[in-house]
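Chain lettering (A, B and C) follows the sequence in which the chains are written, and residue indices restart at 1 in each chain.
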Amino acid sequence: MAEKSQVIERDALDDLLKVLREQGYEVIGPTIQESAIVYDRIDGVSDMPVGWTDVQDGGSYRLKKRTDESRFGYVVGPHSWKKFLFPPELRLWRAKRDDAGFKILEEREQTKKYAFIGVRSCELHAIFIQDRVFMGGKHVDPVYKSRREKIFIVAVNCAEAGGTCFCVSMKTGPKAQSGYDLALTEIVERERHYFTVEVGSERGQEVLKELQHREAKHDEISAAEGRTRNASEQMGRTMDINDLKELLYRNYNHERWENVAERCLSCANCTMVCPTCFCTTVEDVTDLTGQYAERLRRWDSCFTIDFSYIHGGSLRKSAKSRYRQWMTHKLATWIDQFGTSGCVGCGRCITWCPVGIDITEEVKAIRESEGGTHGDQT
Amino acid sequence: MGTFEPMVPEAYRVRKVIRELADTYTLELESVSGSPLHYAPGQFNMLYAFGVGEVPISMSGDPSQPHLLTHTVRAVGPVTQAICASGRDSVVGVRGPFGTPWPVEKAVGKDVVIMAGGIGLAPLRPAIYSILQQREKFGKFVLLYGSRAPENILFESELHEWRSRFDTQVNLTVDSASGNWKGNVGVVSTLISSIDVDVSNSLVFLCGPEIMMHFSILELIKRGFSKNQIYLSMERNMKCAIGFCGHCQFGPTFICKEGAVFRFDQIERFFRIKEI
Amino acid sequence: MVTRHKMSALLREAPLFQDLDERIVDLLAGCATNVSFDAGEMIYREGEAAKQFYEIRRGDVALEIFVPGRGPVTIETLHEKDVLGWSWLIEPYRWHFEARALTRVSAISFDAICIRGKCESDHELGYELMKRFSKIIVERLQNTRMQLLDVYGHI
């Protein structure tokens, strides 16, 4: 593997997409759909949001034209990559009644081989987190695993941060450190537009070989470093994560939960846009004859009343308890369950909350009620 | 899509249906493929009614007989009603076993107190069978059982059988009674003061409605038991039983993975938090 | 009849009188007698004057109330070492429920008028007894509240 940064020129990006397609990958990257950046199948750079950026804040998101031709000049949109590895709806099996009761119908599927173009560092961390959820325990999600093992990841190091970003606080960005095949830093100068490239795997090395590239010069490397530094300094939000798990464990009965419940609509947007949320429900259905049955798995949300239903009623009837469940799971119980926070600081839950509830604000409010911060503000 | 192996049920034929109470049935199941299902007392299976859905139900039979799965089901929702309505020779789906067991092995050499409320006796019955099958390995054996009324006592004839053994102490109580009931009336926690065990060298297995377990734990602690001597079985919504769906989260645990049987001191911090 | 000395010794074994000053135990013993009831025998009836209370030494007692249409309903059963009856302590000194021996019962019976008289003249005795009965009353109230929850009806 090349340990030194490499450089490819702007137009080599199209070649990269082409090489990946030729290697049998379904290439997924940023597109513009319904006034947002949405990851979808792309055939070339012309499908990408060239020259667009996004302006984000609590409860607000809009696209804006840039003054340059950046390919990756925005941060993250409402969708994350999880919809490809962990599909929103999945048929788990089909069965048919027979003499022995029922029989599971054999199904074979060629697992899709995806190449993800433009994975941000926070999103890479979200994938690492879901790896632990779906592949790190006694049981393994076979669909996730088969897709995950095949993906080719082209990471992009953010050059700018969004208004709701806080990856620096969560120690998940803005620069991708590992887990990618190739990582790009886009550098747009008055005279020149190029990418520095880090190679993260043998596969990445093989793909790079197909592109015109050369070793990065000192000034190109420092230009890339400048972009990362710029993004770090622009973080729209911060969250003090020092002792955060215990802070929340100590405050299950904090009055702030009532306060947030007065604003929360229980719409579940935060869970849908979150790149690590993994809850699902299972639905068993039959056809009209009753001879065929199938089981479907769908994304679910802890914000629904039914989520906690056991005979006799739902255990989390109040909006307060449901928001608390979500936030303490992300930031506290997740750590006990999976050895990592469930939050990567991507800011989606803040941007896509219709009433602008801000997880960093909620943490701050609880922390300050205990008499200021513990340790350094990160 | 391919099949998602951990979520695929196996066909089991209903060999026997016993009506235990007005709304509670015990089903004896045998694998259509003939393969045994080895499990430990306290574990549960996901039972599937074809096309209707799946529910988590603890094993309630004898774990030394892995070819015969026994489940005691209370018909309270569409799936449990469909399962309870399964006739002899019909087929249900089974996935499992899942969850943590009652620590029967840890209780060897100790006195054992089994405390159940309502249908909570069903998940404890495999532990009772295990202990009685190797009775000499344990000290005193006490079974405390509370139910709503005399007509709601589960496994009544077995309870009388166990009570008639010279090496067990079985105390029953009901919350209210009319007619000819000659037994105890009062909540199950009132039975604790009368038990004769070596409190410092015993384990308690507790299963019933959460609020019943709460009051029972208060009484057990009053009686001198430590929190790490008490094991209890928790209940939450379950959809997948393999730690993926998130529905059974209880504080930092998924009941299907880290539970359903917990040692009380390990969950005490979260036990009485409202709507957790 | 047992001697007052023997009765004092018996009382000291009862949980109700644990750690009680000897002087007070002796005062109580002066109001106490041994009694027994056959299985099925009524110990007291609803509405009657509450003239005594009991410390059960052996046997089981049911507290019942007659519900028209349902017959006798048992509210609670009491056993060895339990105290039976507190209506003697609180005006108007009438039983609210009925107590029936489920098995043969031996108990120590305390004469309510005798004890109330001693409590009035000896407030230390009165306070000790009130403390101990309050504890029993609160425990029974808490248990009753749990019964009201009807926990097995829902889950």
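Note that in this section a contact is a pair of C-beta atoms (placed from the backbone, for glycine too) under 8 Å apart; a residue touches a chain by one contact, two chains touch by 3 or more.
These figures come from a predicted structure and were not determined experimentally.
Student: Could you let me know which interface, B-C or A-B, is made of more C-beta pairs in contact?
Tutor: A-B
Student: Could you pull out the chain whose C-alpha mean position is farthest off from that of chain B?
Tutor: Chain A.
Student: Go ahead and note the Å separation of the Cα centroids belonging to chain A and chain C.
Tutor: Each chain reduced to its C-alpha mean, chain A and chain C end up 68 Å apart.
Student: Where the centres are mean C-alpha positions, what is the separation of chain A from chain B, in Å?
Tutor: Here chain A and chain B have centroids separated by 40 Å.
Student: Taking each chain's centre as its mean C-alpha position, how far apart are chain B and chain C in Å?
Tutor: Here chain B and chain C have centroids separated by 37 Å.
Student: Where in chain A do residues touch at least two different other chains?
Tutor: Only 310-311 qualify.
Student: In chain B, what residues contact two or more other chains?
Tutor: 235, in rising order.
Student: Using the touch definition from the top, which residues of chain C touch two or more other chains?
Tutor: As it turns out, chain C has residues touching two or more other chains at 154-155.
Student: Given the complex with chain B, which residues does chain C contribute to the contact?
Tutor: Its residues touching chain B are 60, 62-63, 67, 70-77, 79-80, 102, 143, 146-147, 149-155.
Student: Quick one: in the complex, what on chain A touches chain B?
Tutor: Listed in rising order, the residues of chain A that touch chain B are 90-93, 95, 97, 100-104, 106-109, 133-134, 137-143, 249, 252-253, 278-286, 290, 293, 295, 297, 300, 302, 307-311, 315-318, 320-321, 325, 329, 332-333, 335-337.
Student: Would you pull the chain B residues touching chain C in the complex into a rising list?
Tutor: Where chain B meets chain C, its residues are 117-119, 146-148, 152, 173, 175-179, 181-187, 189-190, 194, 208-212, 215, 235.
Student: Over in the complex, which chain B residues touch chain A? Could you list them?
Tutor: Residue positions touching the partner: 1-8, 11-13, 32, 48, 50-54, 76-77, 90-93, 235-237, 239-240, 242-247, 249, 251-254, 257, 269, 273-276.
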